[in-house]
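Paired with chain B in one complex and with chain C in the other, chain A is shared by the two complexes that follow.
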Partner chain A sequence: MNLMPENEVMPAAPHPMAPLPFRVQRVRRETRDTFTLELQSANGAGRPSFLAGQFNMVYVFGAGEVPMSITGDPADQDTIIHTTRSVGMVSQAICKLKSGDMVGLRGPFGTPWPVEEAAGKDVVVVAGGIGLAPLRPVVYQLLADRAKFGKVVLIYGTRTPADILYQKELAKWRSRLDFRVAVTVDRAPAAWRGSVGVVTTLIPKVSFDPQRTVAMVCGPEVMMRFVARELEARGVEKNRIYISMERNMKCAVGFCGHCQLGPQFICKDGAVFRYDRIRPLLGIREL
Partner chain B sequence: MPEHSILQRAHFEQLLGALKTRGYRVIGPTVRDGAIVYDDLNSTDDLPVGWTDEQEGGTYRLKRRGDAALFGYVVGPHSWKRFLHPPAVRLWQANRTGKNIQIEEEKHAAPKMAFLGVRACELHAISIQDKVFLGGSFVDPLYKARREGAFLVAVNCGQAGNTCFCASMNAGPKADFGFDLALTEIIEGSEHYFLAEAGTPLGEEILQELEHRPAENIEVEKAGSIHEKTAQQMGRTVDTTGIKDLLYANMEHPRWDDVASRCLACSNCTMVCPTCFCTTVEDVTDLKGDHAERWQKWDSCFTADFSYIHGGSVRSSTKSRYRQWMTHKLASWIDQFGSSGCVGCGRCITWCPVAIDLTEEVRVIRATDIRTKSMAKETDDGNTGTNPR
Partner chain C sequence: METLERILAEHPFSRDLQKPYAELLVGCAANVRFEAGEFLFREGDEANQFYLIRQGIVSVEIFAGPSGQTTITTMGEGEVLGWSWLFPPYRWKFDARAVELTRAIALDGKCLRAKCEADHDLGYELLKRFALMVEQRLDATRLQLLNVYESHA
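After this line comes the complex of A and B, so read on.
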């Protein structure tokens, strides 16, 4: 197909698929396979504002581009923070970045956690593994405006104690009297003095008022389904439980079609969904 | 009632001339490798003059007509999406110098393209892709530039193919919107002319540049009866009553296993479909590793990679992929974009190597509706859901 060069024009609007340059300021090793990057805009444009629960598409030169939740504090106007678990090609390349390296970012995309809606209610945050990353901005917001909420609870489960993210921060949070933090691991060496067992086992043990609770859940899909079931068993209505979904994404703007789950595009109708709206879809195998 | 004009076959070349004079690249049907495809047209002679096509599930054949019709066939393996939403597009390039990366957005051609011979179903398909790329909160600027530069000459089908069912999908056979010019070809004995109708001021302007005369009522009526006859000829039909709920409620229907036993997951149906829009991205790096390019390429929900998330594909079975494709076309598209994703062009039936026919699949599911209410089912059955992990 011959394109006519004389008609060549630059489209007026920037292409939503074109990343903006960001530079790695700091790298923190969280666990054996998980790293946190602090990024700053490298073109002087500053960082776009984001809402807790939104994600970016992170591009590593020559490696590719993947969705990553923004895990910093929405109130921090300067930096973008991502925590990445190395599981494959691109995430591994992200985990190998050093301070000073550049990445491309597109975003933020997706729906936020219902932090506003949770005002005046008890808030139960349940995270599994890397699922704490997209929920950390929620915790920042809850604690920054602590008086606005009822009881605030974080239930967090990982495979082993060595997989626990943000250990210093967790310790700080645990020391607060107005924030209940419960951590459990699937298996642990003898020295571990905390809970052992899947994250669902903690739900009946923490105190909150199910009738006036908003729950936000992120982790592997099976985990989220079991957590939601457990929350429902305690009397939390389906329409006050929120989960964040994961699907293959190539564009994050609704063009590529990869992230569809029935009628939903995870990238734009989610990734955060109200549970009652998505639950029927989760029951269908290979949807 | 819009005004109609008569354009003689002998003057048809003037239409191509007028478009070219205005700087349009004229693209239309032409015969290549035994099929009618869309490509550049230099003159009317490049059209499939006197050819027609015979289509059936899994079969496509060109045949000589008894006349010299310019548009005496239906749609082939190509659709206009190859020009508005091309199979491969470079989105940007990146260069690395030391620790710095410079990302350069692609300067894209916004060619003025005139599409000659756009069928009613294809006009509908284009408007459906418009919703995908222009109708949401993000706009695809490349699609937009190509779309805005396009001049559409519609041709009303004078006969329907054996795999056509646009009438069932309310997408034809008569072009009723979205064109700049619409033509109906009329051949009677030694007479050969087109009833022309302008749909936009630009279409009107171009029509005025051609030798033409106002149409007589009888000529308008003749065209009308051609449209009616074509509508009666549809080789396939689909009952679309409540089709969204029908398919949503039958996500666990055994028929999906039956299709899966036939489907090769070859992706043909998605490639030929004029509304299928899915893409993937590919990164290319040079040997030194300092230059990278990102390409967007057509992709298909029939591949394993399409739904891959680390740990495995969400849709690992052919059953789930066919179900995704068909329920997307006929059901979830309605929720997403407010209309069906199928215009009844029949391409997916004709070009399926094993002749899988979605109209037949719908018929069987409707006849054996099991209403599992699965999309609305309260599932707490310990099923690990859709995620492979």
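After this line comes the complex of A and C, so read on.
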């Protein structure tokens, strides 16, 4: 049955190469070099829906365009949230934006985290550094539908205690009895009362059933390699480990080939990949 | 109260030891507890034990000049703390401090050293376990040194 009246025109999907205008509503400083921006549509069109794990191309006028994971709650229909670490020209320009400033967004693009597939299983989320940003929407979804999953674990590693993102939210998550949050840092002053050591060292220490676990991992590539190895050593099958390959890209729609890695285009076949499929390509130098 | 045999039979370090070796370990073991803030050992002290941690968190620290007292790593339940008892000059190279109430089994390294010399099968069994642990810590330290998060995700 055709539900569209014949004389009405289907609204055209936005062209994937044309940025839509968004206004910065709020800026929050997370750490010394990382900022979270809340954005709202500036043309009244609302925000496109997205799945946990997808990213936008964020265009800063006069600076350029870079991929940024969407880090808000997929259930929040209003706002787009990005957390950006300042590493170079464009990310620095994003971190300097103030409330009221405009940016252009294209997206969302990319493959999602397998939240649906994880239903009925234990879920182990492993994040390193800024890698918590793409995984935060997963946490929102797991907690919103908590009864659907077995054990839910977040393992998070950063360089120092001062580099921990979303500190208030982490504290709230830690206080829940149905969510195990384990944080570790690579180095710390003696006053730090938490764990010190690389993120891989926490994997043998947390309780989950490897036979029925889905793992989602995001962080620097070298960290993801070691985490995947450690998860395998615990008995998690390669085909139930997912990682996000955040290498640099340009067009985000599989045209330009900038992010091609073997047969895969990170922008459209990823950024979230199943580990058994991407493993041979991990460790290949930056493109 | 749990017996030392039971505790050693459950700890990952010793749970699959052959019975005679496990019994021998019991002979060198003592239950210990440390309050939060208490030092298990200090750098430079004689290293005559190692610890199988049962509960709590211990931080391994070094005084690093201008950076002050710095935590290098933390250990918790199921882990083993200390191998300086195995190698001359048998002195601790770091401080170890309980971050929270910590319960452990202290094993008398002096007594074990003598037993390992007398029974090389036991010595080999223990050294294999310590070598694996040293390898794991070295791997972890290498990753820590890479400063991976600075290179960014």
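Criterion: the second predicted complex is superposed on the first by the 267 of 287 C-alpha atoms of A that agree within 3 Å, B and C clash if a C-alpha of one lies under 4 Å from a C-alpha of the other, contacts with A are read in each partner's own complex, and residues count from 1 in each chain.
Convention: contacts are C-beta pairs under 8 Å (C-beta built on N, C-alpha and C of every residue); 3 or more make two chains touch, one makes a residue touch a chain.
No experiment lies behind these values; they were computed from the predicted model shown.
Of the two partner chains, chain B is the only one that A:Met17 touches; chain C does not reach it.
Judged by the touch definition given at the top, the superposed model places A:Lys168 against neither chain B nor chain C. Once chain A of one complex is fitted onto chain A of the other, the partner contacts of A:Glu246 extend to both chain B and chain C. In the superposition on chain A, contact of A:Val87 is made with both chain B and chain C. Residue contacts after overlaying the shared chain place A:Ala188 against chain C, while chain B stays out of touching range. In the superposition on chain A, A:Gly128 contacts chain C only, with no contact to chain B.
Touched residues of chain A were counted for both chain B and chain C, and B has more of them. Legend: residue contacts after superposition of the two complexes on their common chain; A:Pro220 is shown touching both chain B and chain C. When the two structures are aligned on the shared chain, A:Pro280 is found in touch with chain B, with no touch to chain C. In the superposed model, A:Phe255 lies in contact with chain B only, and not with chain C. Overlap of the chain B and chain C contact sets on chain A: residues 87, 220, 222, 246.
Residue ranges of chain A in contact with chain B, taken from their complex: 1-5, 7-21, 61-65, 87-88, 91, 100-104, 220-222, 225, 229, 246-248, 250-251, 253-258, 260-263, 265, 268, 279-287.
For chain C in complex with chain A, the residues that touch the partner chain are 57, 59, 61, 67-74, 76-78, 97, 99-100, 140, 143-144, 146-153. In the complex of the two chains, the chain A residues touching chain C come out as 85, 87, 128-131, 157-159, 163, 184, 186-190, 192-198, 200-201, 205, 218-220, 222-223, 226, 246.
Taken in their complex, chain B has these residues touching chain A: 23, 25, 40, 82-83, 86, 91-92, 94, 96, 99-103, 105-112, 132-133, 136-142, 144-145, 149, 248, 251-252, 277-281, 283, 285, 289, 292, 294, 296, 299, 301, 306-310, 314-317, 319-320, 324, 327-328, 331-332, 335-336, 374-381, 383-387, 389.
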